[in-house]
């Protein structure tokens, strides 16, 4: 699946997007955040505080418990500050 | 003192303004409304329902119990409907 | 605090009025309210607005002073028309500028609620069928809307 | 219900945007909100706004649909900028048109509260002294402001 990163999540990882292939044991957004945390120092820094990370699946907001299922795109970002 | 009338109070009386000289016994706005009620059919119609009459003394809103004192101008009108 | 308060017969250009407020870069939020003459399903041709002119600007000023006392405002504008106002035309324009949106929104709502119940204006309806229009009745809703500001902080 | 929803880099002309809504004479109340880039006492040069562009317009659309479900609206406009926005410039414009003022005010406040917490935009501060800017932190106030709409009617 495609992963996209925004704001300081993007800056800490050093990538705006990438293809990711998490193992089958990664079933929810929370699982995916935990998996990201162990992919290297930059990912560990970006996902250090899971409570400050928001996620979207196929461009809709989702909660940590949401199953990833067959989503084509996942996005991670800080709480929004538009408006 | 000068009396001014607006909206349907003006229409029912048939005057926009006039000089009035109420007796010394007329001390408050409520007294003045009661005095106006007996000045003729047109005044009786305009002031029939005192609860729907609003008043201003020298261009500031006042309540029925407010003393007229030395005010130069009194105004009577329905509840406002601007905005 | 910049304030522009005006009662006038002629139509106004909302964009030009707001530009005249010269909002500076301390302002983060600008709220405007435009009250328009509805045609009431095609039955209303115009509203005729009578004013107590010598009192109207003074009373608007008192309402604005009370808004400034309650919220930190950078600028306030109130323009209210009188005379014949055709369906679809603007009757009143209120603008409030503040650092933050809550203050600007609350001040604009407060101004409208208080103008409706305190500013000396009266509307007479002119129907499209030419029949004699009636004076618009004050709404209990408007009294209630104005009263809700009293519980939070002292009123005028 | 007319709706104009747009995300764009270039500055907008609020008056032209609102004219494009083509408010008709069923509308009695038009509320606009303009969010501006404050200079924070002269320390801030610009805000840089990053978006998740493919999601932003869709999410704004969902927020507007929810507003339309809650209030009878004649027209809604949301224009949100991205990229570098200098101090004093407008960031976002929201307009709501309805028969009555309460609906227009509530819908505009709701839209702003929800856009702040749900629309995928992030602000980075660029200081006037040239030092590296920080990402603007989300405010608990904004979360609380959005949450207050949940008690009254079901949320998104």
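Order of writing sets the chain letters: A, B, C and D. Residues in each chain are counted from 1.
By our rule, a residue touches a chain if its C-beta (ideal position, glycine included) is under 8 Å from a C-beta of that chain, and two chains touch if they have at least 3 such contacts.
Values in this document were obtained by computation on a predicted structure and should not be read as measured data.
Asker: Quick one: point me to the chain whose Cα centre is farthest from that of subunit D.
Answerer: Taking each chain's C-alpha mean as its centre, the farthest from subunit D is B.
Asker: Compute the distance, rounded to whole Å, between the mean C-alpha positions of subunit B and subunit D.
Answerer: That pair's centroid distance is 48 Å.
Asker: What's the distance between the Cα centroids of subunit A and subunit B, rounded to whole Å?
Answerer: Centre-to-centre distance between subunit A and subunit B: 71 Å.
Asker: Centroid from C-alpha atoms only, then distance subunit B to subunit C, rounded to Å. What do you get?
Answerer: Computed from C-alpha means, the inter-chain centre distance equals 26 Å.
Asker: Multi-chain contacts only, two chains or more: what residues does subunit D have there?
Answerer: Residues 35, 112 of subunit D touch two or more partner chains.
Asker: By residue number and range, which residues of subunit A touch two or more other chains?
Answerer: Within subunit A, no residue contacts more than one other chain.
Asker: Run through the chains and report each pair that touches.
Answerer: A-D, B-C, C-D
Asker: For subunit C, which residues count as touching subunit D in their complex?
Answerer: Spelled out, the residues of subunit C in touch with subunit D are 14-15, 23-39, 41, 87-88, 99, 101-102, 104-105, 108-109, 112, 145.
Asker: So in the complex, the part of subunit C that touches subunit B is made up of which residues?
Answerer: Residue list for subunit C touching subunit B: 35, 49-52, 54-55, 58-59, 80, 91-92, 112, 115-124, 135-138, 143.
Asker: So in the complex, which bits of subunit A are touching subunit D?
Answerer: 4, 6-8, 56, 59-61, 75, 77-83
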